[in-house]
Each structure stands twice: as C-alpha cells, then as structure tokens.
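Just so it is clear, A, B, C and D label the chains in written order, and each chain counts residues from 1 on its own.
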C-alpha cells in the first residue's frame, strides 16, 4: 500500500488558509487545543489520513462500530470575505517511527500546500517537570519577523528553552514546511509533563485566538481543567495519607501526580 | 523481492464469497476457529501468501520436509446454488512489524476483492485476564446494520469492551477493508489470555455457523478443549502442592495456569 | 541505494552448478564448513554482495586496508567434464533484520538462478545445549526423494529436531529457493551452541563431500578443532580451580565453556 | 518523501576536490575536527542534507528560529591555482538506523562524485577506555599506497587496532566510496571515549593539515581543550572528596570523568 493514504471527503476552495497542527504529545496540550478549536469553530471534515506508520489498530465506538486510527483535516471558512480560512490537523497518533514521522508530515504538507497553505501553526506542550500554576506560552518560529510578531501576543522566546530542540510533529511541520516554502510558528504551553493539561491548552489557544482574530468560548475547556484538578487533588490527598502512615515526612509534592491519561 | 508474494494454486470462480480471517493471537482463538472451520468444510487450497514481514523461518515436518512460513487462503464452494461461497484465511504468523501488518492486510484484501469478496468476518480472542467458564462472544462491526444483525445471534456489543480498540489483523482487516468498500464483523471469544482456548474458539464458531447457515460437528474441538482442561488441572494440582509445601495459603487461582501453547 | 548490490568479479559459464551456503550462525558451523570447502577447493571469487541490511561496518586488515562487510560467492569448476560445478556462498554477516534476510536471500537466489543453479545445500549448526562428543548431522530437505537420498549418507531425520523449525539463512535459502524452482537440503551439525565448533563443521563437510563426490583433506580443520579443545580444557581447569577455592563442589561441567568466538 | 534530500545552495566548479567527513561519534573527535577545519578555512555553504533517517527533530536557535536537523557540505577554494579544493561534511547526526547510514552515505557520495570528488578523508575518535595524554592518530585506508603515504605523516597503522573494524559513517564513507571508485583514509584520534575530546581532534587535524598542505591556527581548539580539562579536573576533585568521605580509598582514577557532552 502507499505509505500514507489521504482520502478527500469534500472538495473545497480555501482562501489563503492557515494550517493549525495539534497531535498527541506532552500533556496532550497540542491535541486538546486543536480538537477544542475544531469543535468551537464547528470545522467540517475535509480529509482522513491513514498510514502504515500508525499502529495497526482500530477503535470501537460505543455503538460497536470500528474506525481505523487516523489523522484528520477539518476546515473552517472565515465568515468575513477579507479573513483567512483555517485548516485543523488532529488525530489519534503521531507516526510511530522516525521515518514514519517524516513520511506522514511530508505528505500532509504536500496536500496542504496544494490547498494553498503557506503558513503553519503547531501546538504543543513543553514539559517543565514541575507543576506550572500559570503556564506561559513559549515560541519558536521559522523567521525573525514571526518571532517579533509573536512577542507582541505575549509569546515567550527563551534562550534556553527548549534546549534540546523540538522532537516530533510540532517541530517537523515547521522544519519540513520550510522545504515547501511555508513559514510557521510553534506555540508551546508550559506543563508539568505528568498529566493531560487542559489549562496549558487554554493558554496556547488564547494566544492563537488573538493571532487569528477569532473568538473562542473557553467554558468547556475550563470545566475540563477543573475536573483534572479535582482528580489530581484526590490523588494528592490519597498519597498524603499514605505517606503520613508510613513516614511523617509532610505532604507529597503536587508534581508527583502521575500521568492521568 | 515484493513485500508480499501471493501464489495462486488454483483459479476459481466464487459466488459472492465471504472472507473468514483467523490468525495467531490472544489465546489462539481466531486461528483455532479458522483452522477448524477450514478442516470441517474440507476447504481447498487457493493461494499461499509469503512475505518479508513474516519471520525468516521454515518449519520442518515429521517427514523432514521444509515449508516456508506463510498465510494461506482456502475456499469452500457452497453446495446450494443460492448460498454464498467461503474463503478462509489462516497461517503461521501475523506480520511482525506494524508496517508489515498493514502491507500484508492490504495485499490480501486487494487479492480477495478481485475474487469478489465484499464481506469479512474476523475471528479473535478477547483477553479478560481471568478464567472464563462460559465465554461470551463480543462483537465489533463496520456499520450499524451489522451490529443489529449480530445481536440477534447472541453477540454482545459492550460499551467498554474492547476499551483500547483492536490491535492486529482482526481489527485491520475491517479497518482497511472499508477502504476497499468491504463491510465486516469481528467476533471475539472471551478467554483468559493465559492459554490456548479451544472452548472460546468453539463459542465463536457456533455464532459464525449460525450466521453462515452451515453445520459444523464440534466433537474434535471439544476433545481438544477437554485435553487443555486436563493439562490445566494437572498444573493447578502441582502448583497447589508446591504452594502448600511452602506456605499454607490455599489453592493457587486457576488463572495462573501459564501459557500452554 | 539498491537494497542489495551484487558486483560480478568474473563472468563464468557453470555446468549445472550446486550452491553451497554457509554463513555465520550457531557454533559458526555453517561458516566454518563453507569457508573450509572454499579454501580446499581453491574456489575463485565470482561476486561480492553488499547490502544496507548488513551492519554499516568495514573491517581493517593487518595491512591497514579496509574492506566493507559483505557476502561472497566463489566458484569451482569440476575437473571431470561429467561432474557438476560448485558455488560457495560465505560472508561476514547474515542480514540484520527479518526483511533484510528475505531481501538478501531473494537477490542471491535470483543471481544464482541466472547462473543455472537448481539445487542448494545449506550448512548450519544445531544447538543441543550440551557438549556433543560425536556430532551427528541432522537434515531437512525440500522433497521426499532428497530425504531418502540423504539418509543413505548417514544424515539423521528426526521427528522432533529441529522442533521450532529453522530460523535464518539456512532455512530461508531452501524456503525461498522453492519459489525459484530450486530443490535443496539443509545439513545441520550437532553442536553445544556455546562455542565455535570445527568438529561439527567437519562432520557436516564429510557428509557433503560424499554427496558431492569430492575429496577433502581435513587436516587443517582437525588442527583447529584440537586448538578449540585445548582452549576449552584450559578454561575448564581454571574454572575447576576457582570453584575448588570457593566451594568444593567438584568439576565445572564442560558445557559451561562460554562462547569462544 | 525521498529518503535523502540534498538541497544545493550554490552551484560551484571545484578543482579535484577532496572530501573531509567529520560527524558526531566517539569523543565527538570527528565532528570537532571537521567543524574547526570548516571555520578556520571560512568554508562556504554548498548543500544541506535532510533525511528521514535523521531524528524527527528541529533545533531552536537563541533567536527563537528553528532549523531542521541536517548534514551540511561546505566548500573551500584553494587560493593557489595548482592546489586542490576541499569539501567538508559535518552535521547534527549520523543516520539513526543501519539502513539509514547506508542510504545517506551512498547519496552523499553520489553527490560528491558528481562534483569531482575521488578522494575522501574521514575523521573519527578511537576509544581506548583510558585517559590518553598524548593521543596518537591511528589510520586505515583503501589501498597500500595511501597506508605508506600516511605513515610518513606519523599516522600509526596498528595490527590490532581497530580490532572489530570501524562502525558508522567514517568507515562507510571509505567502504562504499570504493564502489564509486574513490580512494580514502580514515584518521582516528585516540581518546578515552568518556568525554568530548578537542585535544584528540587537534591531533587529527594536525596530521590532516600536513597532508593537505594547509595552515591552521589551533588557538581556539586549544582553549576548548583547556576548558574541558578544567571541567574534568573539577569533577575529579569533587569525586575525590566524595570518595574520601565515604571510604579513604585514594583518588578516583581520572578515567571516570563521565561524558561531558
């Protein structure tokens, strides 16, 4: 079979579209943000992406109906005739091998380039290894003009973070994108790295909404953040009791929450 | 070499054939069921499938003659002129890498599509992690009509099982099958997951026989199930004695039988 | 690059040639036997086989000159006009991935088929997990006639050995060879599996020499076998003293010699 | 995408150019040497090499601008009309799989062959497993004439080192280079293998400068070597204090410095 199979669900004409990428990763920040954006915009399905570089897996819905794992493109047509349209890329997995990452990213970029995409925003989490109460949004970009533009939206460009660079789709969509003459920005929400982090996703989306000049209702995302907080709090208390019982060493640091997937 | 090599042994015309897939997996339920069906139907060899995504291995028969590991298609022509023919896919291995799984499944589906296959049943085990006395048959399907149809045959569609989806050939034949306009059902026999389970295979085949309106004599499969029971019982007793000797903690749970391959 | 690159060093016409394969493996029996046969026959270089499925490695000779790892074909033209010519395949490595094994084997078979090869003998070791004083030669073949023929040369066809089949080049050259209409035999010298075993290689070659009706001087191979015996004996004594010193538990079993590569 | 993508940045005509390869590896000796040579020669960018066999990673500069991981070719035009031009190959990574190593090396050799390259020098470290105060430069070459020529420059050709051959780019550029009718030499600076070693890189470059008849100012490289010495010394003292505190067993051997990347 082809390494990557892209099934177009609807033929559309888009106006200077911007690609927003958010796939599973650190704290699931990118995926949470992209999925939420797609839902809030009521973006419509455009294409489904299958690949032998995804796991050989199907999901079974509550109705008993199976669905092959995939990535998916949705589109949103801006209501104003002078505004730009938006493409959102989400999905179940990133490619499960380095070669797979390159192949899938290259094919999706090629497909989006044909749709007119010349600018990409990738959304991701940045693991700090400690609880982050007020997540900042860190940035990286393909050119100096976009670095300056992003700073005005409060994006932090830090000398040291991310030190080792970006690994995975969020970096690759920008790095390979340059081979397609695309410019782009990666927005990284700070997160502990230990659990899914809707609050970090919200911080990222707030920046993105300002950049894209769209309005987003964050109520549902905040509700999700409170739920995660409640679960984290319960684990925290349970661990506190356990450690009290075995050794009176004070409360367990909140960082030790474990991954709540 | 080609990634997948399919050698046709006999050219046949089939009438609206149904593909039944059963390869090695959890409790070997799918393979036991497909092999038993093939033997009971006296299905004839149609094609042999070799692939570089199988292990580089040959088996040596009792006569000293080698055979390269493969998957195999057998066909059965229904005696009634109004009934549908059957293809059975079995074999030594599933593809040993994710890419291999995709490649082999895609090639076999392509081959079967050319033979007229538009419907697929995949047979598998579902690991419960505990001994299952009366295995239920769980289901997943490609459309709502088949879910409803299967329910009438006693297949259970559970909201939570399988939670993580299906991994491997049984899921992929359905998931990729949809790209070939094929519809299909996965029948999963509950099993402990610790040993080969002819009883679970029998439960799956009983449903399938009703769906396909064929008659199957289950005597040999039941004999096999009793053998496994006897071996399991002996291990159970041996473990009971051992644990009695070292600590008077009562009988070892039957779940701890280990894998009897 | 091509997956497998075969460089022909000399164009030759061969008379009904037989391919003898012996690559590194259990006890290095196959490689020892094939290399010794090549040297004794003074077979000439025919082709060098490079592949990206070998390690990315060069060897450095005592003269400081490098050589890329490879497999190699040598040919021997039988002096009698009615006898058959011989091709010997040896080398540094088998393919280091399952796909690589298939690719390399398929390409070499294809190349040898074009040279007229229709019969293959593969040489290997069979690990018994214990010291074997008088190694038998076990066999496997592609057809019943060859099983019977080999029995007359003292080759043992055992119901249970090898139980799990043959993994690697020695099996694959026969299994894939059948897709090229080649028949063949695998000759497996019993060996402990713990160290290189020239004595097992000699047992294999003695059978092969009778089959091919060629004469081989085994002096050098027997010298090598005695060397390995001497080293093994020293290790044995050293271990005996060590275990005497720490615990008077008698001599270390000779099986524990470790791998002398 | 193509397995390896080479983007030419400038079209140049080179005079009998020599390729110098130095990629990350043992002690980073090869990369340190090649990068230093490139900087000292003020070599100009010629081509960028991307590949799906590199990690799916981008680096972020201090200015916040991303760069996809790559290998890079720089060129230097010799000022004298009778001298040979130089190509320097450096980069972030070697290919991360054996196949990837072969693919990338083959493509780069093919590209360089088209530019007229017929001679290759590869630079590497040779791990001795102990601190080396005065690193020798070991050699390996593709022919006897070059072995003799290198000996005159003080390069050591040892019977036993490197015993297991060379693994990775430095060996492969010579081994595969021979398939492109290229001759070459590998220069290996002795190093502990435990930390980056500018002193070993300097030893290698000093030989190379004599061979290429170019002048190199080693001040900056020596400064770097002193820095590494200072860090090593501090770690040494810290470890000394620690081991004094726990057990009065004398100074920690300098070899235990750990990897200072």
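The rule is simple: contacts are C-beta pairs under 8 Å (C-beta built on N, C-alpha and C of every residue); 3 or more make two chains touch, one makes a residue touch a chain.
Keep in mind it's a predicted model, so treat the numbers as computed, not measured.
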Practice prompt. Would you kindly say which chain has the C-alpha centre located farthest from the C-alpha centre of subunit A?
Written response: C
Response to the item:
Here the gap between subunit A and subunit B, centre to centre from mean Cα coordinates and rounded to Å, is 38
Worksheet item: Among the residues of subunit C, which ones contact at least 2 other chains?
Response: none
Worksheet item: Does the chain-touch network form a line, ring, star, complete graph or other?
Response: ring
Discussion item. For a test of understanding, state which residues of subunit B touch subunit A in their complex under the given definition.
Written reply: 95, 98-99, 101-103, 105-107, 139-144, 147, 157, 159, 162, 165-169, 171-172, 174-176, 178-179, 186
Worksheet item: Which bits of subunit B are touching subunit C when the two form their complex?
Response: 1, 5, 7, 50-60, 62-69, 96
